[in-house]
Amino acid sequence: MSTELLVWLIPLPPLLAFGLIILRAHRSNRVSTGLAVGAMVLSWAMGLVVFGQAVATEHLGDHPIASSIPWLPLGPDVLEMGVLIDPLSAITLFFVVWTCLAIFVYSIGYHNFGKARDAHDKPGLPPHAGGIDPLYARFFAFISLFAFGMLTLVVADNLLLLFIGWEIMGLCSYLLIGFWFGKDSAKKAMVKAFMTTRVGDVFMLLGIAALYISTGTLSFSEILRNPETLHHLAETPAFLGLSMAGLIGLLLFAGTVGKSAQFPLHVWLPDAMEGPTPVSAMIHAATMVSAGIYLILRFFPLLSAGWHPGEPLTTTMVVIAAIGAFTALFASTIAVAQNDIKRVLAYSTISQLGYMVAAVGVGAFIAAAFHLVTHAFFKALLFLGSGSVIHGMEHGAHASHDHVDPQDMMNMGGLRRKMPWTFWTFLIGGLALSGFPLITAGFWSKDEILASAYGGNQPVVFGVLALAALLTAFYTARQIGLTFLGEPRSDAAEHAHESSRVMLAPLVVLSIFSIAAGWAGIKGDFPFIGGSIPNWVEEFLAGALVEHPAEIGFTFPPLLTSLVVALGGLGIGWLVYRRIPRGGTDPLVRWLGPVHRILRNKYYFDELYGFLFVRPAYWFAETFTYAWVDRRVIDGILHAVGRASLRLGGWLRRAIDVPVVNGFGDWVGESTKSAGRTFRVIQSGRVQAYLAAALLFTGLLLSFLLLVRP
Amino acid sequence: MNFPVLSIITFTPMAAGLLLLLFPGHRHREIRWFALAAATVALGLSLWAYISYDTAAAGYQFVERVPWVPQLGISYAVGADGMSMPLVLLTGVVMFTGVLISWGIDDRPREFFAFLFILATGVFGVFVALDAFMLLFFYEIAVFPMFLLIAIWGWQVTREYAAMKLTLYLFIGSVISLVGILAMYFASGLGTFDMLALEGAGFSSAFQRTWFPFVFFGFAVLGGIFPFHNWSPDGHVAAPTAVSMFHAGVLMKLGAFAALRVGIMLLPEGAKMWAPLILGLATVNVIYGALIASVQTDFKYVIGFSSVSHMGLVMLGFATLNKEGLTGAGLQMFSHGVMTALFFAVVGMVYDRAHTREISKLGGFSKMMPLVAVAFIIGGLVSMGMPGLSGFVAEFPIFLGLWQVQPAVAIIAALGIVITAGYIMRVVGRVFYGEVPAEFEGHITPISRFDRVALVILAGLLVLIGVQPWVMAPMIATGAESVLRIVGGA
Amino acid sequence: MIPLSWYLILAAALFCIGMYGVLGRRNAIAILMGIELMLNAVNINLVAFWRYLSPQVIGGQVFTIIVFAVAASEAAVGLALIISIYRQRSTVIAEEVDLMKW
Amino acid sequence: MEFVNSHLLSLILFSPAVASVIILLIPAGRVRLIRWAAFLLSLVPLALSVYLWQSYDPSASGYQFVEQQGWYAAVRSSYHVGVDGISVSMVLLTTLLTPLAILISWSVQERVRAYMALFLFLEMGMLGVFLSLDLLVFFIFWEIGLVPMYFLINQWGSANRNYASFKFLIFTMAGSLGLLLAIQLIGLTVGTFDLVEISQVWPAFELPLKVAGLPIQIPTETVKIVAFWAFVVAFAIKVPVWPFHTWLPDAHTEAPTAGSMILAGVLLKLGGYGFLRLVLPLYPEQSQAYAGALAGLAVLAIVLGAFGSWGQTDFKRLVAYSSVNHMGFVILGVAAVAKAYGTLSASEAVIAANGAVLQMFNHGLSAAGMFLLVGVIYERTHTRDLAAFRGLFPLAPVFGGILIFTSMASLGLPGLNGFISEYMVVQGSWPIFTAYTAIAMIGLLITGAYILKAIGSVLHGPLNEAWAGHAMEINRREVLAIVPLMILILTIGVWPAWILRVIEPTVTRLFG
Amino acid sequence: MTPVQGLFLVTALAAVLSAIMVVTSPRLVHAALWLIVTLAAVAVLFILLDAAFLAMVQIVVYIGAIAILIIFTVMLTRRVMADTGPQMNRLWWLAAFIGLVLFGALVALLAQMPSWWTATPPAATESFELIVQDLGLSLVDLDRYIIPFEVASVLLLAALIGSIVLARPPADDLETGEGE
């Protein structure tokens, strides 16, 4: 079996699983599980084989594993569809299959497989207490489809196929966020997620169209590995001073903004926590949001077309860097004030994605890719861990009949002892997120981004990111402190217990990666340990670009900065949140006052958007378009025309036909008749009178003839 | 042609009518069957004549010519060309179906059928006459029984008024035409009323222009041209069903046909000069009739005014003076004849059962009389020029002709189609669909088989012509060509 | 001898008297008698003109004879009518016989 | 077989009419027989058109399976039929949707015979439009379709059916008035109604037209412009393009389910087909000159259609407005082709044209499917008010799944058919009407909004307890009716080449 | 004044006076009798005009037939005989006026023909017998007056039949069949 064929086959098992579950297998939870997980294992295995092949291939970037077939005849050209494994997709594939598999396995436990179905549970609502989810099979169908979408996206060799995978994931995120559609909040969240990402998608679609028009192809290798094309695109002016490449790049980046929840389209992601936790992990960590970053990484050559390291950034890159950096800081400030365990992670995800975006913006391709990988692992770990916590809390709540919100960290505390496995893995994830020096993967990747920003001479970006890193470390410590340390702050927390093995095993696997993944990308010139492990990541990923990026040499300021912010943030957080007593409040509330309220309410962005966009748009739809324009104006005109012609008809009949036309005819008849009535007295019926009259007239005639005429 | 088919067609009804008078008045059954037999003969013969008409040869066929009053140059001359042959067939059809529809008449059926048949003779005679005097003669024969038919068997409320109005309008019209015909007779110096001879009389332009309006408008009164149309809706409404069928179906064609045959064909120069006026008036007919029809509350009046509108199209076709227009006008005469006969038959059936014609009081008749509803709908679709039916086949060439003459008129007149669609659909919706008023529940008897036959024949013809225009269009086209030869092209 | 005009004046007088009777009397029989007077006046004229103006052409007399015939038939029919009317309506007053009145 | 091959199109065209007559001959009381007969008979044209599809040779140029026969010689019109890549796909769509629509009409209880007969008759009318190569014949079929549709709405529709059917009829007839007049004008000028001849002569026709009775001569240019707009308005009403669309929500909403299916699935396509078949080939210059306006209207249709749809509270009306939105893309593609005719962008325009044709086909599938589903839910709940459903997913999981699937096709989810065609249109229009295309994206965005609104209102949220215990699930027959649509939706989405293979050569030849 | 003139005047006076009596007499029987006087006077005038045959006919037909017929009729309509009410209708003044005007007009016309005031009849060219013979021949001569004569006889016949039909009482409609 050739590697190309194998690549083709990677996405298919989950799709098959999806189809089979939906069509037939959904009646049996066991079969569904088997199908979904089995399919994922298959994909995982194939993915790893392909990854291995890719790694083994020399100069993979120049000779990627690729294969394509003609797909869509577009006039004179035929759009081809195919698969491509180059370094970027290989490495993405690697973390995707791992995280997906972990999530699949975890889901078995999370949805209480094997437990009895509680009769009170309703489809579309979370099960009450430990019962199996009524829509268990459907969940696996959906995540299988999701996995299919992500895998398709990764192996795609062209933008269109990527977009297909992209959108399929969009659909799945919609379905999965709304998995518990019986909740109104979930129903709102699913729509919000879909619509917000769609804003970006729409621009992205335009970008695709523009790209195709400009280059005549959508194939990655043909565009991105072709300096002439890129050069041409960079030279072609579009508008607003942007080059064609810049314009297309921005349009595509809009897709990323939506998908990766960058400001200003970040609002959907926290709400998306309405879905079951594995979904959160899937969407936020491993796959969907990563897809956005994957896109800009993939199009890095285009985005950075016309830019060379050391030169000032192009407009497009400035925009990207600005949005990324701002998002990183902005989201982390919000995360500080959140109490929902998953929402903190959600904002943290936004923030971390901002890092990657900013990295791309400053031209740090490898750093961004590296962070993408590491982040995928530790964020998946964190989400799954939080899921485990919630699961435990729910158990506790059920056991103690203390119906508190199982996701509110203020209700937790002291879970370290109840759920040790969860605690330790969560701690690893948290440290990785904070960039705990040296041992965690997050440190290495984040450090590299900071170094790139610094080295790339972008002090503003550097400063903002550093500040964000500080906040990140702080809220991570806050989260861990509130959740695991101190004493239980509710009965539920007291009665929480550790999750099942099938849930813990993925945590362990992911925590290994959360640590180990970083070691693959230690810069060669890092003090002390540099060079002891080869900087494989940089080496490997550099092949993805035609122009291998110049390695940014090691400098101390960024390293020190990252050390300081990570340890400082963690330390402050630990000090503050180490033991919050039962019934205690968040000290931040006191310290920050009204600012905290703003942060807590996410800067009121939901309300602002509602006021600025949603309500006007709905008014526009309901009142303006439908009620006013369609019903009142257009139909009004139609009805007026109809009425007018009827009225005209009526008027013609009343004013013309009856009085004039008919009237004239009748008048002729009537006047004849009335003349007859007038003269009928002559018709006395008396013969003699007739005779007399006849004679009189004869006489007159005679006298005329005889007397007058001669 | 040895067999004097046209004469037989013409006089069969008259003979039958006279024979009917010999029947004992109370033997209704025999009277009806005899009437039906006579109508069948007339229909059969006219169908035979229609089929044996040689389209390739064109011109007048089945010609018969017998001197009648040689001193005055009056001869009995009949013949049919492509224009008149379909109308003969139309008369046969309407007569036949009219008899079927009138099966239920219990008030002096003997006289009714006798008058109806005399009327039919007059109509046949006009269509086949080749002698202007004969034409006028038959014309009067056709008009006179109408008066009695309406006045005796008509709708009690307006029958005297309508009968008198109709008679006065038509006689005045015919008198005016008579003046014109006499003027031609004397001016030609040929001492003959033979129209074929008069065609070649070479009247001076000034003469033609002076006398054309007399002849044309005199006859066009019977064609219902604006503003002399008002006799027609009143007449339609007051007349009994079969008479309405005759009236709108055939009699109005009589006027139009005579206006063509005597007016346009004998005085082509005049026709050319006056064509714009006719165009204008006919356009008014089309739009005005349709608009008024759309506000009528009486079912029968709606149909009555729709006839005004449609006859306007015929006049428009004439006024184009080109092949398309004339062909269309000829087809429209036939199509409208059948269609409106169908309409009145339906109205009659509804009225017989509901005893009201107020549209607002009717409803839901399709449930009780589905065939009637279908027939009416077919008629309605014809009326609105729905393609695939004869109305379209007829209107289309008229508009083609109009384009060549006066595009603006084509556009304006086309609006009539939409208005027509409006009122037809309104009537269909109100009368045949919707709720059945409570008072009709259970009181509506089904239609008889005679009614069925009549409806099927009429509706079938409409569809046939629409789907296969070649059964009629080429014949009429030859008629149109012969008109054009006289008028001198366009 | 007697001038022609004398005859003519006499005839005129008789005619006018007869006419007065025809127009003025109510009784149908009397009207009929008036008509007879008028016819007689005509006869006088006919014969007088014949005698004075064209005695050699016998036409004048022939005409008179025909007038006689007409008068006779007129009287016969008229009287029969009167009797018939009388039988039906018991009157012979012309004014009361007004079937022709519209 | 020889006969079938030489008269294939006539057989396709008239077999529904024959079927209609056969149905009428069955006694009205035998409802079951009537239904099955109608369904089976409607498979005949389907089988024939599948055969046609198979035998159609995409690489050959010009019309295929041409038949010509004298018909109305007096006005120089003949029965002339033939297919090319555009029409063959439309024919297939029509013959496919009709059996499905009949299958979904089992729920019609009253006057089944008339219903089925009208339906088959309607099929003939629609097929005629796609097949005819004679302007007059085209017009005849164009109008004929109105009648059965009118009665389907008027007789078997819901509450406000009188108004809706009347509006439908009058609106469309008023639109076709101009078409009729313009057809006559062309026919007179060229001397024939044969489309093949006309499309050779008319576009280049330059002699000024004489208008008898008037001293002036109207320049050909003006005449052509007027005639062009007459065509455009007629087709635009049918499509419908904003602002001629208001008949559509009413008609769709009030029509019976199958009627809506056909209305949205095929009838609207007649308009788009008219644009491609007549407007563009006959008026290349005028189309080019007014392409901007057309594109503007198309964009308005896309955007306002989407907004209109979003603003609805009635499920069916929402779906109806979505047709305005989707058909806007067809017109956008058409406008792009018009604009690019003969210019360098022609190759992009071909993409747009392909997209437009494919969009017609796709919308036929997805809109028909949507209406079918609306009908299914309506039959069970007897309401179309979105606020009245809520949370039905657990009660009807299969229905829900199908609804989501179909909605997603309508939404333009990649992997399903709608995306392909919308993408192609956007792709093709982008270089030609960049700004318009960008604005149209708002429509695409709102498409998502209304689709999600519909899904959300019906399926999601807490269950409306009023429906608890009601049987909501879609039944086997209904599933059978929609499955072919779903299969095609998916097939085109995944493998569009099978249909574009047929469409593309023709489009390239016509507009390339 | 010659005796002939005298005779004429007397006769004329008688004729006029009796005619006046005819139209004014309140009793119909009287009127009928006065009518006989007038007719007789006219017969005398015919003799004066050398038309003896006509005078005979006048007496036979008029006095003998018509006048008697009238008297019969008067008698048949018994109630009328007794009627002595106003004999003139409401328009009698008009009748009188018309009569006088007409008489005046005729005399005025006559005054324009002065020759007639003096004219004498030409001498009788033929004898009385010849005249009668000529009259008789002319009536049966195919080239002369046979057609009017025959018409007159047919007219008489028709009048005869007609009067029988009219006068016949309707009751015996079916019984008698004498009309052949």
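Letters A, B, C, D and E mark the chains in the order given here, with residues in each chain numbered from 1 onward.
Convention: contacts are C-beta pairs under 8 Å (C-beta built on N, C-alpha and C of every residue); 3 or more make two chains touch, one makes a residue touch a chain.
Since we're looking at a predicted model, the values are computed, not measured.
Q: Could you run down the chains that neighbour chain A and chain E together?
A: The shared contacts of chain A and chain E, listed by label, come to C.
Q: Report the chain closest to the protein's overall CA mean, measuring from each chain's own CA mean.
A: Closest chain centre to the overall C-alpha centroid: D.
Q: Most C-beta contact pairs, which chains?
A: Looking at every pair of chains, the most contacts join C-E.
Q: By CA centroid distance, what chain is farthest from chain B?
A: The most distant chain relative to chain B turns out to be A.
Q: Tell me which chain's centre, taken as the mean of its C-alpha atoms, is farthest from chain C.
A: The most remote chain is A.
Q: From the mean C-alpha coordinate of chain B to that of chain C, what's the distance rounded to whole Å?
A: Using C-alpha averages as centres, the distance is 57 Å.
Q: Rounded to the nearest whole Å, what is the centre-to-centre distance of chain C and chain D, using the mean of the C-alpha atoms as each centre?
A: Here chain C and chain D have centroids separated by 97 Å.
Q: From the C-alpha centre of chain D to that of chain E, how far is it in Å?
A: 103
Q: Once you find the CA centre of chain A and the CA centre of chain D, what distance in Å lies between them?
A: About 33 Å separates the centre of chain A from that of chain D.
Q: Considering chain E alone, which of its residues make contact with at least two other chains?
A: 89, 91, 94-95, 98, 102
Q: Where does chain A touch two or more other chains at once, residue-wise?
A: Counting only residues that touch two or more other chains, chain A contributes 642, 686, 688, 692, 695.
Q: Considering chain D alone, which of its residues make contact with at least two other chains?
A: 170
Q: So which chains end up touching which?
A: Every pair of chains meeting the touch criterion: A-B, A-C, A-D, A-E, B-D, C-E.
Q: Give every residue of chain A touching chain E within the complex, in rising order.
A: Interface residues on the chain A side: 686, 688-689, 692, 695-696, 699, 702-703, 706.
Q: Would you tell me which residues of chain D are touching chain A in their complex?
A: Contact set of chain D toward chain A: 167, 170-171, 243, 245-246, 249, 304, 306-312, 347-348, 350-351, 354, 391, 393-394, 397, 401, 404, 408, 413-415, 419-420, 423-424, 426-428, 430-431, 437-438, 441-442, 444-446, 448-449, 452-453, 456, 459-463, 495-497, 500-501, 504, 507-508, 512.
Q: Chain D touches which residues of chain A in the complex?
A: Its residues touching chain D are 22, 70-76, 122-124, 134, 138, 160, 163-168, 170-171, 174-175, 178, 181-184, 186-187, 190-191, 194-195, 198-199, 202-203, 205-206, 208-210, 212-213, 617-618, 620-627, 629-631, 634-635, 638, 642.
Q: With touch defined as at the start, can you tell me which chain C residues reach chain E in the complex?
A: Of all residues in chain C, those touching chain E are 1-10, 12-27, 29-30, 32-34, 36-37, 40, 43-44, 47-48, 50-52, 55-56, 58-59, 61-62, 64-66, 68-77, 79-84, 86-87, 90-92, 94-95.
Q: Looking at the complex, which residues from chain D come into contact with chain B?
A: These residues of chain D touch chain B: 70-75, 136, 139-144, 146-147, 150-151, 154-155, 162, 165-166, 169-170, 173-174, 177, 180-181, 184-185, 187-188, 211-214.
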